[in-house]
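Structures are listed in the sections that come next.
Next, two complexes with subunit A in common: one pairs it with subunit B, the other with subunit C.
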Partner chain A sequence: MLAGAVVLWLLVNGAFYYTSKVRPGAFDQRHARNILIGGGIVLPVVVLTALLVWGLSILPDLRRPGDGLVIRVTGEQWWWRVEYWPEGADAPVVTANEIRLPVGQRTEIHLTSDKVIHSFWIPALGGKMDMFPGRETMISLAPEKVGTYRGQCAEFCGASHAWMAFAAVVMEEGAFDQWLANEAADAVEPVSEAAERGAKIFLTEGCGACHAVRGTDAVGQVGPDLTHVGSRQTLGAGRIKVTLDDLSDWISHTDLLKPEVKMPSYDLEPEQLSDLATYLEGLK
Partner chain B sequence: MTPSTGLPQPGGPYPPTEEMLAVPVPQEVQQAQARRLRAAWETPKGWRYVTAVNNSEVGKWYCLTALVFMLLAGVMALIIRLQLAVPENDLVSADRFNQLFTMHGSAMMFLFAVPMFEAVSILLLPGMLGARDMPFPRLSAFGYWCFLIGGVFVIGSIFFDVAPRAGWFMYPPLATKDEGPGSDIWLLGLSFIEVASIAAAVELIVGTLKCRPPGMRVNIMPLYAWYVLVVGGMILFAFPPLIAGDFLFELERSFDWPFFDPTRGGDPMLWQHLFWIFGHPEVYIIFLPSIAIAAMVIPTVARRPIFGYSWIVLSAVGTGFLSFGLWVHHMFTTGLPSISLGFFSAASEAVVIPTGIQIFAFLATLMAGRVKMTLPMLWISGALAIFTIGGLTGVMLALAPFDFQAHDTYFIVAHLHYTLFGGMVFPVIAGVYYFFPFIQKKLLSERLGKWAFWLTFSGFNLCFLPMHLTGLWGMPRRVYTYPSGLGWDWLNLISTVGAFVIAAGFATFVWDLIRPKHRQAQILRNPWGGGTLEWTHDVPEEAWGVRSIPHVSTRYPLWDQPDMLARLDAGRYYLPDAEEGKRETLVTSVIDAAPVQVQRVTGPTWITLWAAAFTGGAFIFPTFHWYPPAIISGVLAICCIIWWLWTATAQVPEADSKDAGLGLRLPTYAAGPASVGWWAMWITMLGDATAFASLVFGFFFYWTASPDFPPDGAAHAVPGLVALAAVAFALNWGLMVGARWLNRHERVALARACLGVAPLMAASGTAALVCAVIDLEPTAHVYPAILWALAIWIAVHSGAGVIMQLYCLAGSLFGKLTPRYDADIWNVSLFWHFVTISALVTCAVLGLAPGAL
Partner chain C sequence: MRGLTTLALLAGLGLGGAAAVVGFGLFNVSAQVGHLPGVTWVLHTTFRNSVSLRAPADDEVPPLSDPDLVSLGAGHYATACAMCHGAPGEPRSATARSMLPAPPPITEAVAHWEANELHWIIQNGAKMTGMPAWPVEKREDEVWAVVAFLVAIKGGTAPDVPSPTLTGTAYCQSCHGDIGGPVPRLDIQPADYLEAQLDAYLTGKRPSGIMAQAATHVPENSFAELAAYFSSKPAAPVPGLVPEEGLGAALAAQGTRDVPACLACHGGQETGKGPRLFGQNEAYLVSQLTLWRNGVLSHDALMAAAARELTDKEITTLSRYFASVGR
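On to the complex of A and B.
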């Protein structure tokens, strides 16, 4: 398509240059008519028909039904609520801000949104599909190569639209099943004293009002589920990594990292902050 | 259709013979005529200059204002580019950035691109058509002042940090839920400007159809006029859906009526449809006028008539039609059925064909002519180079699967800037270089022009060519910053550098434009050797436009009618004099341009300024929810407009006909289809009906798209009252038409009685309609809300109609409206034809919906 475009551009502009600079007045009326009909009608009709036939033939790919697994993604401002519904499941595996896909399978991704319109897009894996409040759209993806890709929101959705991204991880089928089983389980117990202190801070500071950590008293549904946040590739919907430093940074400077986000910045003592980060980082 | 009024028909010899034209006009007669003409057309001096209404003044202000808005929006773009120069930049906040890109897009579209077309056309069209002025000069002035007030209001919001910030297409629910006045400023401020745009479009259409010089049949009028006609028509059908959308949107913002709220039956997709039914034609509304400028420049440069005139006209019309069938390609990723995607993909590709024909016709003209490269042509060639790239990426984007990938990325940003720079900015600048001697009687600098061109051209490609890649590598548009390490960093940096090179180019261009030129010699007449009538204008400039209105028989009269210029200057042709000291222009028939009337056009006034200021108040105060001052402003605006119409339009002339020159006697008054006012009303009402149809479309959209419309157990409009309203509106219409008939047949007393009773009928119809829905709760669900919206629409129109009826009644009582001079009642009846149909459709929808749904 690009090569064709370059050729056509050179043709039109070259003809123009030729008439204006090289040989002004070289053509008569009859030639002019041929140019008008040839260039203005015959050429585009032929080229466009061919393009259209080809283009429309690949159209149905993104709408094809999947092989079983369904992922439901809800766009929020500005993060992704994600549910995995393996075939026959009657309750979903809930997670957030990361999409994992088994390689070589076509997975249906059902999309909706809580308030405003978003658009779901993993550039390396396929086209985008808008997410509407009160309506469900669908895109199906069949990744062919294992790897981690960047996904993001493509429809402008407010102040932090720029920071509404996620990691899309394509895995071997076995690894995927293992990961899903781990994801379905409750959160692991804290393994260090610091982490234990952090778990308490998580509850006393009221984090649980918005975030759920399954297996604990934190059952909030407003923000992303954090049950396995430590195993994710990114924090804050693709904003930063899930390291101790980044976690501390996020908790203490949320609004700086993600303007107008609903989560407030927490002004904690440095030790408390570090404990809390240790706890969260341990939630593998 | 028009019964005889006793007004005289045009009489005398027409068309003029060669012998008649060869008779010289005595020198002293010429001088006396010129003196009187000059006095009648004199432009007010000093502080009264702002009261001028002549197209040459209003057009100039309009162009300059649009240019200033464009430069401001350009500065916003520079800030945007600076912010994006490096990853994770914090030059501006996210919120400020969102305001900047929203305002950049909105201002470029609504405050620059469309107004610039209207500005340039108001400035040039009368010259090309050998007319003295536009048919309604005060309407142009009113439109300009509305544009200025609205534009300053909208663009000024950015300085107070309250600008709209949901993107220039304002998608709900983001825009409806947005806190602060930003969205209201966008909706009300731009609606106000859209109304002014439609007014200008009406005027331009009527000007093209009715104010051509005698003999200029439609098939020989300058291509520019054809494009004005096509684009004017497109504005008429494209803007109303947006205005209807704005109306619903503002009702949701102000009163919480849930048109776009999915939790209460609304649908954000309706806005997307209404917006893009406007938005796509908008692209061609911007593009076609620029092609029109190219169509004027190219024959001059090629020194031969345009090749394929009728091909170009048909293609322009075809593009206009097709452009209304493409809007869904802006919505390919919304999950529409594949069949829609396929259809709109094909339609989007099809529009390439008429566009291609126009470009190849120009190419063929250049090939067959002997090209003399000039500065305007340099800019046209730059436009061609840039536009074809935009067109070719457009061909790619029209394929739905490609669009899935490129949609909402920097690829789109690159594509749209290529089409807009190539299809609008470069041709307009070419037009500025070409027409500047026509406007200011001076030439712009060849050297600065070349500098400006090469800076802008190279800067443009430096800025936007890499963006194709940035987009394909996954960078979405409208992000205030981006993380590093994704390969976007260097591309963005290059784009930013390019943006500043463009800015340097523009600075050069603007300097060339505004640098003092009083020591520079005035041009000779027709410096480029053009063949069309605008180049007959006098040097130094005279406010009268043409000294006398010529009889034209070819497409390039200056090339083909060698004696024309001298005869025109001598006042040999039509309307060479202003014996009564009044401003006059010639009205001709639509197809053949046979002279039919001498139209008195209006002169300088303050009233248009006041009317625009109060209209502005009526739109601007509601932004801050200050309803009482808004209502007062609205009432004052109506008073001003009534005063303006009463004192200046459809005046009873001192004599019913006059000598228009060359022995031709023409009536000085016309009513009904013969008059320009009737045409303006007809065209305006077409636009109005389109807006109404968009609301009805909304009703049926909800019905088909949503399973709970109307919701179970919903209350409906009271059927008896709806029926009553229908009967009352029908009776009102009968009385209105009856009044017109009776008045013309000299039954004045009966006509007055009809005009007295009709408003009562209209009022009771309105009351019945409003009562039929008064118990419905519009905030509960979209069903009652849309019924309310329809009822309000009819109520407002009916109110306007009642004022018009009373205006006619007063006219009849005070001698402004007589059986012989009855233009007002013709126009008001025409208004009521449309409103009656709208009212009956509304009654049908309200009354029949419960049974049908």
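On to the complex of A and C.
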């Protein structure tokens, strides 16, 4: 894309230089007509037709059946509820705000929405697909290169639409299987005293009313599943990183980071906040 | 031109006269001398018409025959209304009778009005009559308790009004001990929760006209003592409801994608985040959840957020569930 931009830039500026410095003055009529017809009609028709044919030819790929894995994504305000359904699974692996895809495989992504229309878009991997409440749409993606790409909601969906993003991580197949197995497991036990205190605070402060941490008493379904939140690339749907400081900021100033978010900001003592962040960061 | 000058002169004289009446105190505000002829009729007719223009529609009147609702209304009436209107069948005080206008005896007052009009009058009060407005805004719901009592007076079925001389625990007990339904049980709550609620009612942080009146009727320095008394006093078990597992239990324990799990905060003895709900009166739970959902109650940010998307059906299911367990 960069190379193309450089070529175009050189062409435009070259033409400008040619007409102003190399050959100033008017063209004769025949030349002028040839430039208008050639550059104004023939060139765009040929280029756009070729692009249209190519574009239409790859369009069906976005609807091609996948190789087995199905990811079900529900648009929420303003985050992504994500379920992995490996082939033959009878229960999903639930997570949030991150899409992981095995490289070289075509994965079906089934899309729906909770209350308003969202749009699922990973620009580096494929086209957009809208997400509608009460209806399921599908896009299938076959990433060819391992890496982390950015995904973004591409349909205005409310105050924090711009903060509704996610990381799309394309992984080698083995690494993906290992990741999915870890994701399917219950949460790890807290390993430090601070994390243990944090786990207790998580329950007594009522966090479990909205968030699930599988393997504990927290079974809420309103907000993102936090069973492995510490292993995610981002917090708050692409909003910030998952460091101790970021977690503390998020818990204490939720609505500043994400206007009109459902989660209330928590007014905790600094030590409590730090314990809670330690616990969550440890949920790998 | 001359006509205009005359008009201006007359207007100036009129304004000057009015200013003199106000400025020199020429108008006699004595309640003893009464109104000038015709003024009573103008004021009263204005009052009648103003009320019937603004009263809620007939179909907004809820069922008012529930004896608990009537008793709650009588309890509020005892300290908030009886001082002027007297208890049914009892004479008003000589002082109340000397007001202008004199508050009518309650049996006479209710005879002229329908339930919807009574509701408007109690909610809004009436300017320049001495009739106060309800102590808080947006709690039209609890005004119906007093209306229920007044309608019972009209129908001749009203219970006795509790003695206005009751104080301390006996005063609180006159509603919280003897009435169920819309009046919450207190014995299931920890004392510090009860004390915090009394403070919140007194300051208006938690809006309730009935409890604001009650919180000003007992001395503020007795809140801790009252809270401790009611917290430790087990209420008589209420027979009736069949425990409902299933839908209500699942909703309370797990919530839905729109409704947080209640038990995360209201789970019982150990998780002390919210008040205890098991065994609470069903009608009280329904009314409070509805107020939270509608944004009338907002003194706790977590509960305000939690209740935002409750449906009416979920409210009745949850209330029935919590009321039926732990009796």
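Things to note:
Everything that follows uses one rule, which is that the second predicted complex is superposed on the first by the 229 of 284 C-alpha atoms of A that agree within 3 Å, B and C clash if a C-alpha of one lies under 4 Å from a C-alpha of the other, contacts with A are read in each partner's own complex, and residues count from 1 in each chain.
As a working rule, a residue touches a chain if its C-beta (ideal position, glycine included) is under 8 Å from a C-beta of that chain, and two chains touch if they have at least 3 such contacts.
What you are looking at is a predicted structure, and each value in this text was computed from that prediction instead of being measured.
By the touch criterion defined above, A:222 reaches subunit C but does not reach subunit B.
In the superposition on chain A, contact of A:153 is made with subunit B only, not with subunit C.
Residue contacts after overlaying the shared chain place A:264 against subunit C, while subunit B stays out of touching range.
In the superposed model, A:33 makes contact with subunit B only, not with subunit C. In the superposed three-chain model, the partner touching more residues of subunit A is B, compared with the other of subunit B and subunit C. Look at A:203: by the touch rule set out above, it reaches subunit C but stays clear of subunit B. In the superposition on chain A, A:114 contacts subunit C only, with no contact to subunit B. In the superposition on chain A, contact of A:168 is made with neither subunit B nor subunit C.
Looking at the shared chain after the overlay, A:58 reaches subunit B, while subunit C stays out of its contact range. By the touch rule above, subunit B contacts subunit A in their complex via residues 93-95, 98, 166-167, 171, 173-174, 177, 262-263, 268-269, 307-308, 311, 315, 333-335, 338, 341-342, 345-346, 349-350, 352-353, 356-361, 363-373, 377, 381, 384-385, 388-389, 392-393, 395-396, 399-405, 407-409, 473-474, 476-482, 486.
The touching residues of subunit A, when paired with subunit B in their complex, are 1, 5, 8-9, 12-13, 15-17, 19-21, 24-29, 31-33, 35-36, 38-41, 43-45, 48, 51-52, 55-56, 58-63, 115-117, 119, 121, 123-124, 126-130, 132-135, 137-138, 150, 152-162, 259-260. Within the complex formed with subunit A, the subunit C residues making contact are 253-262, 264-265, 271-274, 301-302, 304-306, 308.
By the touch criterion given at the top, residues 114, 203-210, 217-222, 262-265 of subunit A touch subunit C in their complex.
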